[in-house]
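Chain nomenclature is as follows: A, B, C and D, assigned in order of appearance, with residue numbering initiated at 1 for each chain independently.
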Amino acid sequence: MFKKVVVANRGEIAVRILRACRELGIQTVAVYSDADRQALHVRYADEAYRLGPAPSRESYLRGDKIIEVALRSGAGAIHPGYGFLAERADFAQACLDAGLAFIGPKPSAIAAMGDKAVARNTVSAAGIPVVPGTEGEGSLHDEDLVRLAPQIGFPLLIKATAGGGGKGMREVHSLEEMPGLLHAARREAEASFGDGNVYLEKLVEGARHIEFQILADTHGSVIHLGERECSLQRRHQKLLEESPSPFVGDDEELRQRMGLVAVRAAQAVEYVNAGTIEFLVDKEKNFYFLEMNTRLQVEHPVTEMVTGVDIVKEQIRVARGRQLRYSQSDIRLNGWAIECRVNAEDPFNNFLPSTGRITHSLMPTGPGVRVDSGVYPGFEVSPYYDALISKLIVWGETRAEAILRMRRSLEEYKIAGVRTNIPFHQKLMDSTRFMGGQFDTRFVEERFSMEAVEEGKSAPVDIAAILATLVAHRQTQRAAQIVQRGERDTSNWKWLSRWERLQR
Amino acid sequence: MKYITMVGDQEFQIEIVDERHVSLNGTLYEVDFDSVSGEPVVSLLVDGKSYEAYVYEDEQGLQVLLHGRMFPVLVEDEREKRLRAAAGSRIAERGDFHLRSPMPGLVIALPVGEGQEVQKGEVLVVLESMKMQNELRAPRAGIISRLRVKPGDSVDQHQTLLTVS
Amino acid sequence: MFKKVVVANRGEIAVRILRACRELGIQTVAVYSDADRQALHVRYADEAYRLGPAPSRESYLRGDKIIEVALRSGAGAIHPGYGFLAERADFAQACLDAGLAFIGPKPSAIAAMGDKAVARNTVSAAGIPVVPGTEGEGSLHDEDLVRLAPQIGFPLLIKATAGGGGKGMREVHSLEEMPGLLHAARREAEASFGDGNVYLEKLVEGARHIEFQILADTHGSVIHLGERECSLQRRHQKLLEESPSPFVGDDEELRQRMGLVAVRAAQAVEYVNAGTIEFLVDKEKNFYFLEMNTRLQVEHPVTEMVTGVDIVKEQIRVARGRQLRYSQSDIRLNGWAIECRVNAEDPFNNFLPSTGRITHSLMPTGPGVRVDSGVYPGFEVSPYYDALISKLIVWGETRAEAILRMRRSLEEYKIAGVRTNIPFHQKLMDSTRFMGGQFDTRFVEERFSMEAVEEGKSAPVDIAAILATLVAHRQTQRAAQIVQRGERDTSNWKWLSRWERLQR
Amino acid sequence: MKYITMVGDQEFQIEIVDERHVSLNGTLYEVDFDSVSGEPVVSLLVDGKSYEAYVYEDEQGLQVLLHGRMFPVLVEDEREKRLRAAAGSRIAERGDFHLRSPMPGLVIALPVGEGQEVQKGEVLVVLESMKMQNELRAPRAGIISRLRVKPGDSVDQHQTLLTVS
């Protein structure tokens, strides 16, 4: 049974996994790129080894080097986190070949679910409904896809076969758009996954994105930990998740039915360890299998908060060959949890990424608040990796309490040095549609605006005016003081600039 | 010191009376203003009400982020206001527009060529940063007078990518 | 029903209360001294009013000014927190007289329990066992106390009648020591509470300090939320608390019996709102009423973590005249919680207080971790108030998990600018007696040492040597560079100092 | 650069070979040393092992706080060590001892008078800070040659309170 784990990732998820290992008394090994020497995961691990330059291809995607680190350090297992190598069957296999435990599913299950088209075929064969699309057609050329598109009907989605996280995904509303968007989607898929294959899928309108967390051990137990509502997305990137889903709500029968289907989907590929079954749910509560993520999800904490299950620790126990510590009947959803993804991007400037050194940070704390963060004051947010710098998760006895708690936490959360999307989340918390639980996957892009003013909310315009004037006044005064000083002793100026030269 | 402060298109007459007093459109307020948590976070007490905000500088003036809302603000004294009124706002419409990179990244595509005419809103550059592809669009119509980068280039923040004339 | 609350306190507890109000949609008013203009409670409140200069007597103890603030701001209630005015019956009465709700018990209950001697008499009359002492004798002069001491027997404790938090408390081992220690205790009591009265109490040896959290509403319901173990103290100041108590452990019968007595003690003074009954428990599981704290306790979060009850919100609801949301049968202790008090004091230098500006702080986060803090980077820790700057609370499914989680959290927690007692807690977490739950109230002072080396723990002396040498080497090199610069252009020096003058 | 480093009474021969290499008592280690989170927190990788510590300076040398343990360290090069050996450690035993306030606070009591003889460990000053009364004791025996404060005085950190000769 392994006693040392290599965490083959970075950022908040690497820190999350390191903490779980440490709390289980397991030794930890971090790997890092040149951009991450000072990163938290390097600081918190027992050991840390450099992989290479900043770009992922030369560092966090170098499975060979990571396995070498594991062997060199005497580790017995590798946890891939999410992204990077997490859903690469060849990497999982290489770990096993090197005699290392892979903390995740078997390579065969990753392969079966990793090719989205094969996955849809597999679960479809097991009697599970899927969204109509080109599943099971294998790799298709552009001309085939253009030919098949009208049969599926518009609007439809182009999706990367190897995809995830909205990368390589495009929405198509007419046949004319197809060629250009196919090109863009393949380009992004190739850049992100090294695989430009794409497939088509019907776009279910007014749909909710609801997913079920699965846990499975090597002794044949498969359970689900209830659902997560992930409909709040922008450019197919999730921004906010909650558990339970306000759409499923009190419909315990729907929850159990979807949960059973999720378990069956996992069983169809003899799934082991933690995984997630994603469904699209239409307004009539019809649900369709979308895909399975054969790894830990970014949004796993909301499930942890309402079930009390530490998913990462459970992953490690399963990988050690233990039985699950819970049976399905132990799982109860207690209260309500919401997660806001805090991204280094500017919501007032088209959500463009923001990079730079974090000069200051004040995190919200107190009862019912959890922050999973990978950054700290002094750390440089680089353009090499994704924009997620922290996750703010709150728990409340009810959804209303959770929303109020999230509001106060967002207001408390201060980050200086980079812009973040915290104001976006604040705006969302104030929106009546969000409060009412009335939103679908298109809500953020189509019905939400950073500029719109909610009814009944008066903007403190006068306070903004006073604040800006006080800041401007201070700047003017400071400038004036420098001039005054200069007047007293005019010879200073040349020496000041000389001094500045010395400082360089 | 007296200022004319524009928040969006709302105008305020503000006088900084002393360290502790500000008058806003003729009404006197007691204020206590302090920088906290390092720039750009500031704390303001106005007649006992407590506010916390970020105040950023940009080319146009100041941006105040307060309660999750961003207010663009222009603060001027009388002299500055008169100068600006005299100069008019002709500059922005004419002359060259230099598209600068809003972040460090990798140039993925340049769908335009030198000498090409572009419309407002047209995609000029596709830039990859933080694993996302971002489309940079033309803020106004014009002609691409100079391309300074090519696909595959790594660019720094604020680097000029191309010029629209 | 009030919609705006004045929080008559500072530091972490003021922040804690502000958060609860905000999450209930209640407007908040902070008060502050000149030392606290930049404090978190001022930043987080909707309104904030200055009370006066830094010393408590001129600020946080000015009940008259606080009531004036409440009336001026249109608040309907005052929450006193702990310390300062929290246990002053006259202040509670003044609030009521001004038409303000006091978020706490009735003045009569504060008075009955606030005079420790009267309190012991009252509960004793209700058939509750108390530690032998001079209870119910009223104010005694030194000569009376010296006369009564041998009847109680040594060792004994001198305790402040108005006391709490170990202030004005002294331990006496022989008659000869009495006069000097009486003098010291009265002096400290006078300085802390404005009341120099003291009484004597037998010192129960090998005793545990175990307390029960009480909640009572105005409709006659009184429940307890289980116990807290608070035996780990230094100079009668609690340092670490946990719930449940490892001493009570699985003895559900003892827990229920003590809980019932605690409820009875509260009922004896017609108690309303949150309060705590403190017991001394000897090795044979005999327990004695020690005192009742008629307020929120510093250590309330451990109870919140295991019961899921938000005690501060419940306090506010009770003060609004609502019924308790829980009956006794709803209360279950789930898992294990531990709180470490992080004090600005140097454990390697006799725990002397440490003041200064916090230049950097990195808080532990992640699953099961809660930090209640009143400071942030840039804030100045002043000598005017107590040394508690933050509380680190963790929850685990078992005590073992909680300890492992606390260890990793303490190691992660970095504070620069002031020294803290974090290393003390780290040392405690490693001690086999703590791990075994084998400790009494004397443990820290008598059996614990920062210098002692735990068996099986090898100290990384060589790493310390390398670290120090690298730091020293850097300093030497930096100094050398400055000299080299100077050599290149000797005329710089005079201008440098001139520049420095300009900067002043 | 070669150093003789004492941790408590353990002596280490340490050579800083280059940016990335250190030899400790003749064994070569690969190191990566960085200041993180602002002074005084440092991060050190030694042959892949990751350590984080506080390194403080005090009058005696450096203090390294590592894994919750405090190590007093003295780092000297050859020349410094020889100088110190020559000077001996006579100073500490003789001359005046100035009791400085370890923190800002209020002088509550001074149980000693000028000219009074005191024993090692005897209480010299009772100082209140952060609501706690702290007893400052004599580090060695001697005579109180000078009292610089009286009860009721507010004192700053490092302020000299009295002198023991």
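The rule is simple: a residue touches a chain if its C-beta (ideal position, glycine included) is under 8 Å from a C-beta of that chain, and two chains touch if they have at least 3 such contacts.
Every value quoted in this text rests on a predicted model; they were computed, and no experiment measured them.
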Here the gap between subunit A and subunit C, centre to centre from mean Cα coordinates and rounded to Å, is 38
In whole angstrom, the CA-centroid distance of subunit B from subunit D equals 51
Rounded to the nearest Å, the gap between Cα centres of subunit A and subunit B is 30
Residues of subunit D that touch at least two other chains are 37-38, 52
Among all residues of subunit C, those touching at least two other chains are 44, 360, 362, 376-378
Contact graph of the chains (line, ring, star, complete, other): other
So the complete set of touching chain pairs is A-B, A-C, A-D, B-C, C-D
Note: in the complex, subunit A contacts subunit D through residues 29-30, 37-38, 42-49, 72-73, 376-378
As the complex stands, subunit B meets subunit C at residues 32, 34, 36-38, 43, 45, 48-50, 52
Within their complex, subunit D touches subunit C through residues 1, 3, 5, 7-8, 10, 12, 14, 16, 22, 24, 29, 31, 33, 37-42, 44, 46, 51-55, 61-71, 73, 75, 102-105, 108-109, 128-134, 157
Subunit A residues touching subunit B in their complex are 167, 187-188, 191-192, 235, 237, 344-345, 348-349, 352-355, 359-360, 362, 382-387, 410-411, 414, 416, 422-423, 426-427, 430, 450, 459-473, 476
Touching subunit A in the complex, subunit C uses residues 15-16, 19-20, 22-25, 44, 301, 304, 308, 310, 334, 360, 362-363, 365-373, 376-378, 396-397, 401, 404-405, 407-408, 412, 485, 492, 495-496, 498-499, 502
